[in-house]
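Below you'll find a set of structures to go through.
Below are two complexes that have subunit A in common, paired first with subunit B and then with subunit C.
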Partner chain A sequence: MQLAPSRRLPLADNDCAPALVTWRSLAPTYALAALATLAVAIFAVSWGTVHIPPQTTLAIVIHHLTGASTGEHSATFDAIVWQVRMPRVVLAGMVGATLAFSGAAYQGVFRNPLAEPYIMGVAAGASVGATLIIVSPLYVAAGLLSPVPPAAFAGALIAVALAYGLARVGHIVPTTSLILSGVAVSSVGTSLVTYLMLAFNTRTLAILNWILGGFNTATWTKAGIALPYMLLAAIVVLPFARTLNVMQLDEDQARQLGVNTERTKIIVLGMASLATAAAVSVSGLIGFVGLIVPHMVRMVWGPDYRRVLPLSGFFGASFLIIADVIARTIDPTFEVPIGVVTALVGAPFFLYLLRRQQRPATERF
Partner chain B sequence: MTMRWLHTTAGLMLAVLVLLAAMACGGSSKKSSTPTFNENPTPIPIATEPAFPVTIQRSDGKALTLAKPPEHIVSMSPAATEIIYALGAEKSLIAVDKQSNFPDAANSFATKVDAFEPNVEQIAGLKPDLVIMLATDNSGIVPKLDALNIPVLYENIDTAVKTLEDVWGQIRIIGEVTGTNDKAVPLISGLEGRVKKVQDAVQGLNQTLTPKVYHELDSTFFTASNNTFIGDLYHVLRAQNIAGNGGGQAYPQMTQEAIIAANPKVIILADEEFGVSIDSVKARPGWSAIDAVQNGNIFAIKADIISRPGPRIVDALEQLAKDIYPQRFQ
Partner chain C sequence: MLAVRDLHAGYNDRIFLHAVDLDVERGEMLAVIGPNGCGKTTLLRVVTGVLTPERGSVAFDGVDIRDMNATAMARSVAVVAQGASLPERFSAFEVVLMGRSPHLRLLQSEGARDIEIVRAAMERTDSWRLRTRLVEELSGGERQRVIIARALAQEPDLLLLDEPTSHLDLAHQLDAFRLVLDLCREQRLAVVAVVHDLTLAAMFADRIAIMAGGRIVADGTPAAVIDASTIERVYGCPVRIIPHPTTARPIVVPEIDVPAINAAAHCHCLESLPLPASNRRNDPLSPSGRGVAEGRGEGHRPRPMPRLSCSCVRDEAAHVRF
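Then we have the complex of A and B:
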């Protein structure tokens, strides 16, 4: 493993760039990351406040996945493992992967280390959509067909489209304008939510709960609804990894090298926003993951987007699954807000990586 | 970036708003294990005649002294409004907060104040000679009114109201400051009498018949612990609140698996006005393993009556008694 990644970009310097890195040569890295994520997920399903023996957990999961009869289990254990814990772990993994993957994509397009999945107004737009439903008579909080997730999804996409449209000058969308219009759209959305929260103060708690996010109400339905968007984004954005590498130079230079930067921007940002909107609509706003996980990956595995994008996905999934395990088990019966956990666990780890990277190489071990 | 501000603010506000679940929940900290009601309640040692000047120790430790009965009262919480009406002191009421919707007459005030984002200029402009705040002062309005020398009766619902006994205490205090002690005494003994009836009816229940209850405040499984006046209702009913002492929190959020594993016999929904229905609870994945869901023992109760520490809390108690013990209460 390369522990002291070159600060220079692979394509910027042919002498020391890992020129022989091909998609194929990266396969073992991906496989290892996927296995690690799977191990984390298995641990998370068997770990909970209600003690269920690991063999029982495994038997229940196998029974539901394969239909094979694995003996008698109490209805309570079955419900807890299959209807409560599994969807919770799966959804946390999907959302963590999406946020980190999208965060990496956003950082790549904007060439800005502070870019995160919410920068173009996804979070604010989703909040407006969700809040409008929560304060309306349509509000059905816990039903399977709750209109809140679709409204949040729609709100997020409208906000991103608005930010994109406002930033466009002719055929060109300058990234600086895009960030600024995203911030502006976000503030409008945020003020609107604040206003609605105060104007309909019997619903304030419901709105805040939605904004704070979490996986306490995760269901298979939610996971099933969000999955297609997330898969689509991953499939479409991954092939742009090399293009993103080139774009790290300078947009003009990238263009001279034959990169269609405008097309890349619209496709990568559009897809990342779509997936983020889906994630936010089923989980609320979970901060930190989308901003920090890609940086953690870069610090350890270097800046090549063929590594950064997929590994951010796997690492983001593991990170959020573990954060959610902590959120639901630190107190035997009660929840801790997941945003608190992601920040409290993630920030020190991130700072540790940052410090380690800043020390001279000789001191590292 | 702006979203992050919202996030932080939301985080700070959450603790606060959890307590406002349906506008007026309350408290934290420990509760004595002694029963709330004595077999023979001792007479309340206060004069039945209005006696001004009156001095009350507020929740923030400051003293409130009123030289004469107030004639221009602003109520900043629905529970206070309900108590004022129950005491017949509404003649002095000049404005109520937006949440005050009971009794009907409370809806007809031309001026309503916002208890969540109070406007100190608006309140001062009403020239009140008493502001009653039976809530948690999240917005910091109390010191602002103090600075303007406007008398404020501040009773922090979180620290001052943890049992039914504490609810009577609030009625007593509002009786004193509004010069209606003579009404407060019979009102409280009437309420105590109704509570006693319920208590008597469940007295003989043996331990195996006392059901486990899950009390839901919202769709993300916030609930009320034993250390709240809501929890005290279940204590009176000899039901076992699955939230227990809430891990030290008055209004904790439970995990679904803990609820399913606790297997409550009865589920009480105080969030029907907030998008939850008996059917939506039945449809929650995994909840079919719960006794209450299998046997149809899910009941909705109006948030307004069960979340306000006023006289109607006894209505809530009587409704819960009928829901939990249908054979014993007709």
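Then we have the complex of A and C:
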């Protein structure tokens, strides 16, 4: 894949104004990214111990979505595609999109390249919630009525609210305090989980399994439960894309340019945390996606949040779908934890992009 | 345009501003001077709406800022701060375009009219040619012009400058102030500039307000307020005021006991520095003919000479000490 060099802008040899970025001018980019994500999803469904031709996969999916008759398919293929792999791919795509989108939003608000969706305590809070249920008598190993996801969701939101409340000074929430209180809340949560794991050593494996995360228990129901939160976050946060650009200046300058920084912070962080909490509650803790996908998008398409937010969503989805395919197929006897795959695949690619970035300016322009 | 009345403000129950009254009209440039911690920056923070006053009022054209939201404020007031950070990887054009933000609705993107305004602002500040450059590649002077262009793109009535030139060299300081003064006159902007350099303040401002201990202690034309006893009292440092040789505006010179220059120090006179040819030709300090025979130019720099044997010892200003 030939990536465009970062931000190669035309030299100012004519008198034209540079092209404007508008939602409409970006529509083709979004459409292409969406198509690419769909293609990745179809191939991911086809791929596995039983190989199904992509055109068959597509036909089955279209049949289920529209009810249209798309020819005869074996019941086995139908079950594998629609009942087993499709929910898994869809859930991986949703979670990947959410983590990357939220990561981009967090980085935008914190103006910190190391910000990621777990920085405000979502992950630690969700782990505490999930762990408390797993060690309690309520724990049902699996099934639709498992109380683990709602408990994780609640834990995540409580942790974020706690971090936000602790960072608050009057009616202002300084972003540095927010990061620090997030880190503090996270370490309290992590310590609690560690203690519970050791105290209830018969449940240690179950806890670890939940924390490592994955999509082997994916169902349409899980996807359906998480979807509304993710859609809500996307619909609420996207209009703030241009505002986030202005916030990259710094908070004082943004305020002087008419941005209500406190309101933007609470809305964007609140929505991103809500969606992340939903993602974590159905998939466990999957690291790295929320940190590196937005950076990859920025390196290729530049820093404008009207590009970064939606494209992070699409590429986060593709990234996690591919990572999940690798996780379930690379070792036929054992499913590799997906967090391991995201780090092993993502880190080298990220470093490659970073090295390209850091060439001296004379070489780049 | 700007009317500040009986303003008291501070942080965490400590009052930093006491009973400040200030008026600035369109087309007028006011410089605010005063020692560190005198409340200059606090005053700017109140006027930009970042800090809420404890008592008193700030009004633009009779409208109290408490009745204006952040967006309305940003359409009236633009700020050029010292060393304002610019985000990496944005182009100069994109940064100036951010100045249009207060004129856009949440979901609205910039349009053709915004381009026109941005272009006019960038051409006026001589930064249009920088439009495709990334901001991290700009020099200090270029960055400041981009920030001034962004302020103009806001189409404000009041321009606030917070030590806008403190990290610029002499020529760029003069350029920036000249530009601001011209804009003040042309576009009928009210300008309030917080300045540390008393000479610059006196050189460009129509009026100077001197602050000390959170109060305005003098407010008037440069000639009226810059006098030795006031400056001495406010800054606690003995000074002498001399008129500028051509403009007659006051220049503040510290009266200070400086140890004599070490006679053994080596110096390069300007002659020995490889100046650009264009500079050299018009350089009034260069005694014609001298130095050429010693192989000046072509990047060759002669050995440092002991100061006492240097040929232009008659003019201290011509010496660059190392």
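One rule holds for everything that comes next: the second predicted complex is superposed on the first by the 318 of 365 C-alpha atoms of A that agree within 3 Å, B and C clash if a C-alpha of one lies under 4 Å from a C-alpha of the other, contacts with A are read in each partner's own complex, and residues count from 1 in each chain.
By our rule, a contact is a pair of C-beta atoms (placed from the backbone, for glycine too) under 8 Å apart; a residue touches a chain by one contact, two chains touch by 3 or more.
None of these values were measured; they are calculated from a predicted model.
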item	value
Partner chain in contact with A:T243 - subunit B first, subunit C second, else both or neither	second
A:V21 touches, of subunit B and subunit C: first, second, both or neither?	second
If touched residues of subunit A are counted for subunit B and for subunit C, the larger one	B
Contacts of A:E72 with subunit B and subunit C, given as first, second, both or neither	neither
Which of subunit B and subunit C A:T204 touches, first, second, both or neither	first
Which superposed partner A:G287 touches (first subunit B, second subunit C, both, neither)	first
Touch list for subunit A against partner subunit B, complex	48-50, 75-76, 78-80, 82-85, 87, 118-119, 123-124, 127, 134, 139-144, 146, 183, 186-187, 190, 193-194, 198, 201-206, 208-209, 211-212, 214, 216-217, 219-221, 285, 287, 328, 331-335, 337, 339-340
Complex interface listing, subunit C residues touching subunit A	48-50, 69-75, 77-79, 81, 84-91, 93-95, 97-99, 101-102, 104, 106-107, 109-111, 114-115, 118-119, 128-134, 137, 154
Subunit C-touching residues of subunit A, taken from the complex the two chains share	6-7, 9-12, 17-18, 20-24, 111, 239-240, 242-243, 245-246, 248-250, 252-253, 255-260, 298, 302-304, 306, 361
Touch list for subunit B against partner subunit A, complex	1-7, 10-11, 13-14, 17-18, 20-23, 98-99, 114, 116-117, 218-222, 243-244, 246-247, 249, 252-258, 260-261, 263, 271, 273-277, 279-281, 283-289
